[in-house]
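Letters A, B, C, D, E and F name the chains as they come in the text, with residue numbers starting at 1 for each one.
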Amino acid sequence: MSLLSFNLPLVALLPFAAAPIAAWATRYNRLASAWVAGLTTLLTLAILFPSIQTIFSGETIIQQWSWLPSIGFNIAFRLDGLALLFALLILLIGLLIIVYARYYLSAKDSMGRFYAYMLMFMGSMLGIVLSENLLQLVVFWELTSITSFLLISYWQHRQDARQGARMALAVTGAGGLALLGGVLLLGHIVGSYELTQVLASGDLIRGHDLYLPTLLLILLGVFTKSAQFPFHFWLPHAMAAPTPVSAYLHSATMVKAGIFLLARFFPALSGTPEWSWLVGTAGMLTLLIGAYVALFKHDLKGLLAYSTLSHLGLITLLFGFGSQMALVAAIFHIINHATFKGSLFMVAGIIDHESGSRDMRKLNGLFKMMPHTAMLAMIAAAAMAGVPLLNGFLSKEMFFEQAISASDTTLAAWTIPALVTLAAIFSVAYSLRFIHDVFFNGEPIDLPKTPHEPPRFMKIPVDILVVLCLIVGVAPMLLIGPILSVAVAASLQAPAPEFSLAIWHGFNLPLMMSFIALVLGVAVYTVRHRLFAWHDRCLHGIEGKAVFDWLQWKTIRFAKKVTDYFDQTTLQPSVSWVIGGALVLSILTFFQFNSPLLGDRALMEADIITILMALILIVASLLTAALHHQRLTSLITIGVVGLVVALGFVKFSAPDLALTQLSVEVVTIVLLLLALFFLPQHTPQERSYIRFTRDGIISISAAVAVFLLSMAVLSREYSSIANFFIENAKPGGGGTNVVNVILVDFRGFDTLGEIVVLALAGLGVFAMLEGLKLAAPTKDVEGLEWSHDPHPPIMQTLTRLLFPLMLMVAVYIFLRGHNLPGGGFIAGLIASVALISQYLANGIDWTNERLRTDMHRIMWLGLLIATGTGVVSMLLSYPFLTTAFTYLTWPVVGKFEVASAIAFDLGVFLVVVGATVMILVELGKLSHAAHFINVEDIK
Amino acid sequence: MEWLVASVISVMTGCGVYLTLRARTFPVVLGLTLLAYAVNVFLFSMGRLQIGIPAVIDPAAAAYTDPLPQALVLTAIVIAFGMTAFLIVLALKARSELGNDHVDGLHRSDDELKATKHNSTKAETERSES
Amino acid sequence: MLEWILAILILVGAFFTLVGSIGLYKLSDFYMRLHGPTKASTLGVGAILIASAIHFSFTTDGVSLHEILVTLFLFITAPVSAHLMAKAAIHIKVKQVERTRQLEK
Amino acid sequence: MSPFTILPVLLPLIGGILMLMARPAGIDTQRILSLILTSLLVGVSLVSFQLANSDIYQVVLLGNWQAPFGIVIVLDRLSALMLLLTSLLALGALWYAIRTDTDKHGQHFHVLFQLQLFGLNGAFMTGDVFNLFVFFEVLLIASYGLLLHGGGRLRTRAGLHYVVINLVGSTLFLFAVGTLYGILGTLNIADMAVAVRNVSEADQGIVATAAVLLLVVFGIKAAMFPLYLWLPGAYAYTSAPVAALFAIMTKVGLYAIIRVHGTIFGEAAGDLAFVHIEWVLLLGLITLALAALGVLAARALRRQVAYLILASVATLMIAIGINNEAALAASLYYLIHSTMIGAAMFLIADVIMKGRGIYSDSFTKAIPIDRPIVVGSVFMLLGIALTGMPPLSGFFGKVMILHSALNHPWFAAILSVVLIAGLLMIIAVVRSGSLLFYSVQKEEGQKTSPLNKSAFVAVFLLMLVSPLMVLFAKPLTDITSQIAGQLFNGQAYIDAVLSTVPYGDNSK
Amino acid sequence: MLNLALSIAFVMVGLAILLSFIRLIIGPNTPDRILALDTLYINSIALLILLGINLQSALYFEAALLIAVMGFMGTLALSKYLLRGDIME
Amino acid sequence: MILQRLFPHPLLTLILWGIWLLLNNAISPGHIVLGAVLAIFIPWLTSSYWPEKIIIRHPWMLVLYVLRVLFEILVANAVVAKLILGPQKNLKPGFLHYELQLTSPVGIGLLANTISLTPGTVSCDLSKDRRYLLIHALHIDDVEAIKAEIHRKFEKPLLEIFVTC
């Protein structure tokens, strides 16, 4: 495999690879990172170099690798004239910037960080221009946003740098996202994200329903990146970056990425009125605003920033014209702008560097102190102003020409030429200001440093660029012709039109316009002070940044409002949302279907006792809700609810459930009482009637919905898998209590999970109560002192008597569980209650002294036994939890059943005892400890 | 009978929801307990209501009720018990850490509401770096 | 004959159960109410349990005596409950009817 | 089918028991044991992943009872992925917890941790709706314990809210399961899928209602609007390793939607096919919008990260709601990314918080933290990944999801919400990053606490997942496509579960 | 005969339950309510046994047994709460 | 000694054995063995919760006592039923203090229980020194008669049954 088959990805990726080296190299030598960066750039150029010949022969190089074929995301690079032009601009100007920055950065600045960021940014830019796959292009596009953020915020201690960087990232990042959307749509329309395909499908795209959204999204990307109105405001604030960064980002690279995209998509998207209007309008407005505002900036870099805006607008406007010759002009101006703006930024940097100021009101008469720099600045500024014999003049003439020809066809005649001339007037004025205000115009005022010429090598990059301005200006075809031609051809995806870059086209309208611009520009400059005053009076403070800040502030405020509305860290609304959401969703869904509410199953007659019990249950529930302010009373009423529910289970053939419910009920009451000791006895009245109404509505709706749901199911027939259990419980599971066999056998896994939950509850309680301190109330709710008799002897004696009896019952319930109602869980609760009764009657200390077992041990033993019975079956190649049972016959005892399920149930028993006792006793200990705490200490 | 059971489930649910929406931990615990009762009865009744035919194998029995929902409810009761126990202790912990038994750990008197509102507007006015 | 015995036992049991609750409902202070459930209900339940024991002893093979246990437990627990409730009532000074006599030691 | 297919569930259960037994042996023993167990679990998960890497479903009939009567454990590609993800995440979180002594701040951390994994893995493997409920409860109660681990005012309050909301959720779960059983008469997911096809028109409404109720339940776990309100507090105020582990918790809800709804209410369900899916999409979009606003509104880092997690979950919901194979494949890619990166983000938030001392994680000017470049770079990379900026995994996941939505009738809404939300998050994260790392001022007397390098390793390794996911995007998306393919072939799952026969002689 | 007796007994026990419940509602003191709950438990035993006879099933017996064994724990705890607040000290 | 450790409370063992057989409604060999095992095991397990030695002098008297109490309960219920169903204004309720001669806790407990189960009396409180039992009577005509009756019917037999310790 030759290098030429994969040199393009190398070009884009090499700078990324070198970035960490640059960062790391600075540890050893401050300048090492500059060397790394410079050499990397040279190496990259070298890698690119062999391909150049191919491009000039009119071919396009595409190197691609399949990567995410499912979405058509390939690693694909493309080198054609356009890409080459941009790649060369990025690399060559990059190289100059690298040299320049090495002198610009002060000893305090981290060289490593700077060059690492620079290299990453360079790589990102190269990635954009070399991408064949559009998704890949978006990746690099967003990478430029990120890396430019790092570069702009390089002086992170400065607030303006941070803010400027963030604004740039916000705006260009947003554009990147829009671009992503546009690219996705483009891919959708074309069926591929490959540029080759997209560029060949212009008619398809333009004719598609999604053309306008696609165009809008892509243009959003373009306009934000290239700082077109109304997204232009970030650019001036990005000037907080070190000047080499500004010089790089705003002459040749970052802002040109958008322009590059216009050129790239020209064959695919242009040629419609939408294109002309959108692109043209944005370009024109940016051109005017930039040119106008530039004049009023007292900051050197501010002036250059707005001038950059203006020139970007100019280029955009050219694309908006949509003609082939306009494209030629646009691309030509891209090159020219890169050269003169790059050099001007560097000059501004030199001035700043040497004088310590960029304020044109202080900088005066520097010509004497730095003549060489002044010369360079004058030439570059002249190029910017469009003075003949310089490159800027040529492209500007072409621009005027295009403006005139565009006005013939599309817009009201003379509007465009008039407006562009106006812009040119200001352009001349601010260029003049840049020179005259700084290098002449009297003596400097209060400069921090005494300016002098910079180090030699700091000027060399500027020298080179200025020389280029001159050469191009004098012999354009020689230097620029070939590359411009291939770039234009690549952009058009067609042979480039005939164009001539002659200096002299005769006396024509464009020349007239140039002349007018020059003359009036000088005139405007001479009356600048009056203009400044007027501007300050009328238009000062109207700025995009303010709008952006306002927008951002509003958005954040909106975000906070919305977030605070939902996320109040209050429980009640959250619960309301959950219940309300469930209600709304279910109701909406039910009515989507054509199902009747009730089925046709025959219903049972109700008997009087059941009706009575149901009424009691209902009243008790309502009382619990109504009397919750009196906590002890509501505790008693909920006890009634639990009791009646248990009776109901008995009534409807569920003895096991009744037993479980009853035992849980008892333990729950004890638990609640233990807790109630520390909680206020009364619930304060909630004041809000809105809340009361809301809760009323939600509860009643929930009640109605549940009623309907219950009736809907209960009135319908169903067939279930129940028969299998009934038929297999005895022969397959060895037990006659089907519910228990389901629990320990058919669905033993549920039970295993269930005891883990219980164990976790116990452990959780244990963990929560550790170190918890609560003061015990010394009086009851009526202010009455507690009784002085903690262990009434009669209760003590009799519960001790009962203890063994209860344990006996527990064993009984446990052993019969497999065949008759009962089982490990219920037995466990009975045993726990037996133990708890001892705590209740005799107190913690007395009982703990006798119960020397750590409940942790009981729990793990239980879990181990339950899990172990399951694992044993695995050792016999049966699945987990497979049970076995057999009948043994012993002398005297007779025949009895031995089932592994019983062992499993024993595990359940132990976990229940362990967890329940642990929970209750830990709580009990809390109150025990509470008596030794002084209430005042807690407060 | 079905109407009766449905009504019972419904009232327990309604009261449970109402209590769960209260502002103090204790009623919330009661509410969730009621809700657990309600849903357990609901789940149980999904095997339809049967009288006098428990699912204990007996040669004399003519029919059996559906044992599966019962087993499910048993599991559900136990889990609900564990959860309730945990929640109760958590309520105590909250009482200790937050100083009162409000579910949000504060008494939202009107004054306090005003105070928080005032603070948040102030915070907004102090635009941080944006 | 058996049916008669059962019926009578059941009715007696139900009657005393009811009487206990009537006492609970009707009597005028807590201490008086305490008497109803503690005694009448336990006996009422006891009678019904005996009926059950007889019933199941005759309808199924083998005697059914485990009902006795329920009675046993009740006889142990009900007085303890009553005792503790009374103690609590005295402690929180639940009102007595005015005519209640306080007989000194 | 091997009985050892259940190991991913069994191992953490045994682990939990062992940790409980090891309690008297002290914290060091527990730590070593816990690390060994969790590493073992990674190994077991890898083996399971390999085992599932075919079109054969590994079905274990627990108790040797034929489905639908017994409970089945199913290992397929999706569950294997979730297992692997869980164990890797767990290892990272555990390492961080141990190295920062988080496990010492309360009782039973390691028991809770192992049993949390038991609950998670059980939920990922079970083929039974009620058993799923049980495992939800296991993972929830373990998570309650972990969430509250260490205590503190805000944590306790957040824990209380989390517990109450989930208890309400559990109640809804039972209502839904009960209703489904009341009509369909079965609990096995595969069997339900079969039963749903035969549901009469008169019963469809009820089943559909149960389906959305179940969606609400899963939506609570997945933090779907309007059920997500527990999330910000819970994630923001718990200890960092727990929050990191919780990154998988929301995914359980999503997993359950894919598994339960996807199987039962799949294409073959007739009128009931995908009754839930438009809700998922709609609520996902709303959640994403609100999450993005939450990210923007956050006043402190951990809350911001919580909202970022919410946003990533919402993105996943949207992907699931798009409901085609490509979207599902994309969502799985994104799921891996968001879980690992979300976890890493919580950990680095903790690193930053600890480094800032009294300034904690609030967005105020503070002292610079120790090793700002290392921490800042990792934070930046995580931010890039989590907000979906290129060139990290979040971007590619998002692009795949959007690509898969191109033919969806709601494409415009999906595109706008996803892109605008992305923008808001970028702005917010840049703002906080710049505040935390740039806007700093050295103060006399304020000593910075040194970076816990050993714990930081966990952050770094988790962060590395993102670039690796980009580097190996092709094989990874191949895998996720296979998983999605398997999921969209619901019949194969149903057949596999229902046709597995008990082992050996089952007459006993 | 037996059925008639059972029916009457059911009504009487039902009435007893109703009266106890009314006492529970009207109180007026907490001990009254505790007593009413305690009585409800005992009434329930009667009801369960009657139900067992009525349905010819011994399977309901354990529920009655359980109430007898553990039902009083609630009463004890509630009373002790009134006495001491801390029921387990 | 071994026997002592094996059967810390022989009577309890006996009662438990009986209870086991009652619970199971069965006198099968299997249950006899199992019951015996449990009846031995459970007292052993719970012996520490029975700090008092209960020594019964006359077991037969205990049986007699139980039967008498049962009879008294029957009578008491009839009496109470009459009182409850009759007009309330005729009731003369009151609290009385009964001076105890029993000192063993088990004895006191049993006496208190008996008093509560029998005619018109509920034992409400035990004085701190355990010398007086506070009794609420539903209807008091003659205090001394009630006290004497309690002593004669219940306390005296209990005094004979239980050894003071």
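In this text, a contact is a pair of C-beta atoms (placed from the backbone, for glycine too) under 8 Å apart; a residue touches a chain by one contact, two chains touch by 3 or more.
Per UniProt, the chains are A = Na(+) H(+) antiporter subunit A, Na(+) H(+) antiporter subunit B; B = Na(+) H(+) antiporter subunit C; C = Na(+) H(+) antiporter subunit G; D = Na(+) H(+) antiporter subunit D; E = Na(+) H(+) antiporter subunit F; F = Na(+) H(+) antiporter subunit E.
It should be emphasised that the depicted structure is a prediction, and the values quoted were computed from it without experimental measurement.
K.L.:
Both chain C and chain E are touched by which chains?
P.N.:
Common neighbours, chain C/chain E: A.
K.L.:
Please identify the chain with the largest separation between its CA centroid and the CA centroid of chain F.
P.N.:
Greatest centre separation from chain F goes to chain A.
K.L.:
Please indicate the chain closest to the centre of the assembly, with centres calculated from CA atoms only.
P.N.:
Most central by this criterion: D.
K.L.:
Indicate the whole-number Å distance between the mean C-alpha point of chain D and the mean C-alpha point of chain E.
P.N.:
The mean C-alpha positions of chain D and chain E differ by 48 Å.
K.L.:
Between chain C and chain D, what's the gap in Å when you average each chain's C-alpha atoms?
P.N.:
57
K.L.:
Roughly how many whole angstrom separate the Cα centroids of chain B and chain F?
P.N.:
43
K.L.:
How far is the middle of chain B from the middle of chain E, if each middle is the mean of its Cα atoms, in Å?
P.N.:
Those two chain centres are 26 Å apart.
K.L.:
Among the residues of chain B, which are close enough to touch at least two other chains?
P.N.:
20, 25, 28, 38, 40, 42, 46, 51-52, 54, 56, 68, 72, 75, 79, 82-83, 86, 90-91, 93, 103-104, 129-130 - these are the residues of chain B that touch more than one other chain.
K.L.:
Any chance you could list the residues of chain D touching two or more other chains?
P.N.:
Residues 130, 134, 137, 141, 144, 148, 151, 157, 160-161, 164, 168, 175, 178-179, 181-182, 187, 431, 434, 439.
K.L.:
Which positions in chain C touch two or more other chains at once?
P.N.:
15, 22, 34, 36, 42, 64, 66, 69, 73, 76-78, 80, 83-84, 86-87, 91-92
K.L.:
Between which chains is there touch?
P.N.:
A-B, A-C, A-D, A-E, A-F, B-D, B-E, C-E, C-F
K.L.:
Which residues of chain D touch chain B once you look at their complex with the stated criterion?
P.N.:
On the chain D side, the touching residues are 130, 134, 137, 141, 144, 148, 151-153, 156-157, 159-161, 163-164, 167-168, 170-171, 174-175, 177-179, 181-182, 187, 299, 363, 431, 434-435, 439.
K.L.:
Which of the residues in chain C end up touching chain E in this complex?
P.N.:
3-4, 6-8, 10-11, 13-15, 17-18, 20-22, 24-25, 30, 33-34, 36-37, 41-42, 44-45, 48-49, 51-52, 55-56, 59-60, 64, 66-67, 69-70, 73-74, 77-78, 80-81, 84-89, 91-92, 94-95
K.L.:
Going by the contact rule at the top, pick out the chain A residues touching chain F in the complex.
P.N.:
By the definition above, chain A touches chain F via 789, 792-794, 796-798, 800-801, 803-805, 807-809, 811-812, 816, 838, 847, 850, 892-894, 896.
K.L.:
Which residues, counting only chain A, touch chain D once they are in their complex?
P.N.:
Touching chain D from chain A are residues 66-73, 135, 138-140, 142-143, 146, 149, 153, 156-157, 159, 162, 165-166, 169-170, 173-174, 177-178, 180-181, 184-185, 187-188, 213, 552, 555-556, 558-560, 562-564, 566-567, 569, 571, 573-575, 577-582, 585-586, 589-596, 599, 706, 709, 712-714, 716, 718-722, 724-725, 728, 731-732, 734, 745-750, 752-754, 756-757, 759-761, 763-764, 766-768, 770-771, 856, 859-860, 863-864, 867, 871, 873-874, 877-885.
K.L.:
So in the complex, the part of chain E that touches chain C is made up of which residues?
P.N.:
1-2, 4-6, 8-10, 12-13, 15-17, 19-20, 22-23, 29-32, 34-36, 38-39, 42-43, 45-46, 49-50, 52-53, 56, 58, 61, 64-65, 68-69, 71-72, 75-76, 78-80, 82-83
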